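Next come two complexes, and both contain chain A; in the first it sits with chain B, in the second with chain C.
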Partner chain A sequence: MFGRNGKKGNYAYTVARVKAKKSLLMNEEDYSKMLMMTVPEISRYISETGYGKEMTDLAGRMSGIGLLEHATYFNMAKVFGSILTSSTGELYDMVSAYLDKWDVWNLKVILRGKSYGLDAEGIREDLVPAGSLGAESLDKLISLDTDDDIIAEFGRMTHVNFPADVLAAYKASGNLGEIEDFLDKNHYERLTESIDPSSRPSRLFLDYIGEEIDMKNFETILKLKAEGIYGEQVMKYVIPGGRRIDGRQLTLLANAESTESVLSDASQFEFYEGIRDALESGNLRDAVSGLRKYEIQKAKKFSHLYPLSVIPVIDYMIHKENEVRNIRMIARGTESGLDRETIKELLVI
Partner chain B sequence: MAMEGDVGSGLIAIGAGLAVGLTGLGAGMGEKDVGAAAVGAITENPGIFGKAMIFMVIPETIVIFGLVIAIIAIFAM
Partner chain C sequence: MGSQDITPNRSVLLDLKKRIKLSQSGYKIMKMKRDGLIIEFFEVLEKARKMREGVSSDYDTAMEKITIARAVEGEIAVKSAAYALKTEPEVKLGSKSIMGMMVPKVEATSIHTKMVDKGYGVIETSVYIEEAAMAFEKLLDTLVRAAEVETTMKKLLDEIEKTKRRVNALEFKIIPELKESERFVKFRLEEMERENTTRLKHLKRKGEAAE
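The block that comes next holds the complex of A and B.
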């Protein structure tokens, strides 16, 4: 009657915390300032805006852009971890299932790092220990010698069963894409299974995840189209469980022979308006950036629809992830000498 | 007649008790979420303790209404 059973989750507490955290995120003005700075100046600026502790902790071991990139990821992992530990009940379950995507990310980083011959420290720089696997578990994975051992150990740690055909395809081709595609599909499958659709906030979360899958699929289709790949081969990479783009529409989009021919099929989707110009001019980079902007707006809209649910928490996580992506993009762009306007176009604000 | 008078007084006393008790219960239910959110917000920003405290006591006003009704009922007895 009073909602005091531990199962329901402490929505009011956690949502108030993430809303307070969200108010401290960087805005357009901050990004404009950073665009005018050099990498050391950006490092100093972010030290004063919430990343100070991580920058100081890591300053002894790293410097320059490496320090900045590692500190931003480390800070993000710490913030996500604190949100997870402060939530309880079904809220904890949903946040935890959502954060599992970072386990998938970390496994991809480790496998890719190993295949490119990176050392343990090099791999560690790109890890985000925000999922269920902590720094110790990730170190254990890095210390393993072969890909087979890493995949088997990851499966044991996260209870993911890698199908024999996926492993066989990977062994035969040596293409990590086989493993990565399976991991992405498996993540969304487990995420949707972990949500109990009996309450309205949970159903809203399911809808939101469905929209995210739609956008990921659309992005994949666009990228493959740009490479001249269409038909059955595209369908192999599609994640099932989208909300608005069903199997028939996916097949239509996949079979379109060029990016231009996707235009007429895509016009019925809600996110079409935001990316129409980019699609018409054939600019894939702008189209992907438009999709990300739409994703952020969608998360904001969903969080206003039902304030006492998991959506404001996810909304904050998406904004935080975007902030880190923007900081890294400005730093990398500045480091490699890109002009300000190009970097600004790449940012999702 | 005396018997009827006693029942009437008893009912007024029960009514006064219910007015305070039920409003207290309602305020408690309201404060549950307000309090949790206030603690969450203070954790992130201790500077807003005063504001959070004010929001925290707003549901208490309903108990004051209940108390006033109870007092009126008892004194009108």
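The block that comes next holds the complex of A and C.
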């Protein structure tokens, strides 16, 4: 679907590059050090650990925590871009499909910004060009006048076909959620389609994505249940293709009338232990944090299994995203005066 | 009204008596209204105190949640979610009467919107952002209710002050002055009565002497 060619892909070259980059990622000790720093100190520290160029480039336009957030995003986008351009064949297909979520993110930022009435510069500032669409393509989307044109152009650029019923629902309600939820489901659909399950590493990757879908679905069910929404209405937001939670279990979870009643149905899942306390106390935030921690542990477990496959590449990207999130959490938490214990709990290490 | 400006005659006395009666019943009603308003004020004061505590705690919760949302999801994601919101809260202003005094009745609609109707996607919008949005909706709801109670309290205070002034004016100025005027008219009428009797006696004596 996305392939540059039908070949297998340059695993050795890309994995070697990714391994070198992975050694530069921050570890628990770095996060502990940063937890003791002020925001300017954190900025200086990350400038010395790989984010220096972006910090310098953006320093003319931004400052403080905003500079730090944008610089980390830009660094991530640059790194992902370089991985994508250096990979070929089926590896390119999988990496590209994995990074499509950033194209979807950018489309959401553009559509939301336009509907709010932001100018082009305001929208451009919030974009993270970490997907397949580069700055030029994103600029083209921003320059379009209407939502319809933007959606149609995005569809052309990324080969996404927006179903007529989704577009009609968006037209009727003006609710961007219709488009966004379709794109999020479509991302996972395309991602699973891009993975050829004939090899063991690809199957492992497929399983990982399946588990990610399970957790996303579980999170969606919890979010909606907290608002008193259950049953058929929940099923509309369920992403197909989960690994462990099948359709029957999803229906059971969706039909449970409260978060408490989800407990018994959820006890059979592998991630349950990590979120049991949060679910019992009805703390949705901790439950989601538990799911994220489980996800990163899962990625760590399989990362070293097949050195010459897509797995080390995806593992690196997951950890890079996590690093950016952790740096931001520490900096924003410190700036807002959150206590260290709370920030520590939020970190996914 | 100085008692010296009054023409002392019976009709004025009757009029004064009527006015005194009216003022005294007005004074009684005003005093009852003042006491009623004070009782109402203390009830509203208690409500306002609780409401202020509610605003304060809801504000703290909302700020904590938005801080965590900005930390975990980033400023860009939080801002972007805010841009997507479709519904805007509407505030309806009405009025209701407390002891004849009109106080505002504030009603807010479309404050609480379900996640599915907010305008952003359900699947990828994080629970941190949604919790922050819900906390701010709750804060707005409390603020609107607090605005109603606070305005009612201020209006009640003004009304109590006004009624107190009226009661005091009736008690210490109007009623005593009217009573003073009544006493003056009564005194003058009695005086005139006595003068009349004396004059009549004098005339009678003069007539008898002439006979």
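One rule holds in what follows: the second predicted complex is superposed on the first by the 343 of 349 C-alpha atoms of A that agree within 3 Å, B and C clash if a C-alpha of one lies under 4 Å from a C-alpha of the other, contacts with A are read in each partner's own complex, and residues count from 1 in each chain.
In this text, a residue touches a chain if its C-beta (ideal position, glycine included) is under 8 Å from a C-beta of that chain, and two chains touch if they have at least 3 such contacts.
Here the structure is a predicted model, which is why all the values come from computation and not from measurement.
Q: Determine, under the contact definition given at the top, whether A:G89 touches first (chain B), second (chain C), both, or neither.
A: After superposing on A, A:G89 lies clear of both chain B and chain C.
Q: If you stack the two complexes on chain A, which partner ends up touching A:L308: first (chain B), second (chain C), both, or neither?
A: first
Q: Check the contacts made with chain A and report whether chain B or chain C touches more of its residues.
A: Greater contact footprint in residues on chain A: C.
Q: By the touch definition at the top of the document, which applies to A:Y13: first (chain B), second (chain C), both, or neither?
A: The answer is first: A:Y13 touches chain B but not chain C.
Q: Looking at the overlay, what does A:E219 touch: chain B (first), chain C (second), both, or neither?
A: Only chain C is touched by A:E219; chain B is not.
Q: On the A-aligned overlay, A:R325 touches which partner chain: chain B = first, chain C = second, or both, or neither?
A: Only chain C; A:R325 stays clear of chain B.
Q: For A:G177, select first, second, both or neither according to whether it touches chain B, chain C, the two together, or no partner.
A: Second partner only.
Q: Given the touch rule stated above, what does A:G274 touch, chain B (first), chain C (second), both, or neither?
A: A:G274: touches no partner chain.
Q: Which residues of chain B touch chain A once you look at their complex with the stated criterion?
A: The contact residues of chain B facing chain A are 29, 32-34, 36-41, 43-45.
Q: Going by the contact rule at the top, pick out the chain A residues touching chain B in the complex.
A: 2-4, 10, 12-17, 19-21, 86, 308
Q: With touch defined as at the start, can you tell me which chain A residues reach chain C in the complex?
A: 65-66, 69-70, 73, 104, 108-109, 111-113, 115-116, 118, 126, 128, 174-177, 179-181, 183-185, 216, 219-220, 222-224, 226-227, 229, 233, 237, 239, 284-285, 288, 325, 328-329, 332-333, 336-338, 342-343, 346
Q: In their shared complex, at which residues does chain C touch chain A?
A: By the definition above, chain C touches chain A via 67-68, 70-72, 74-76, 79-81, 83-84, 86, 114-124, 126-128, 130-131.
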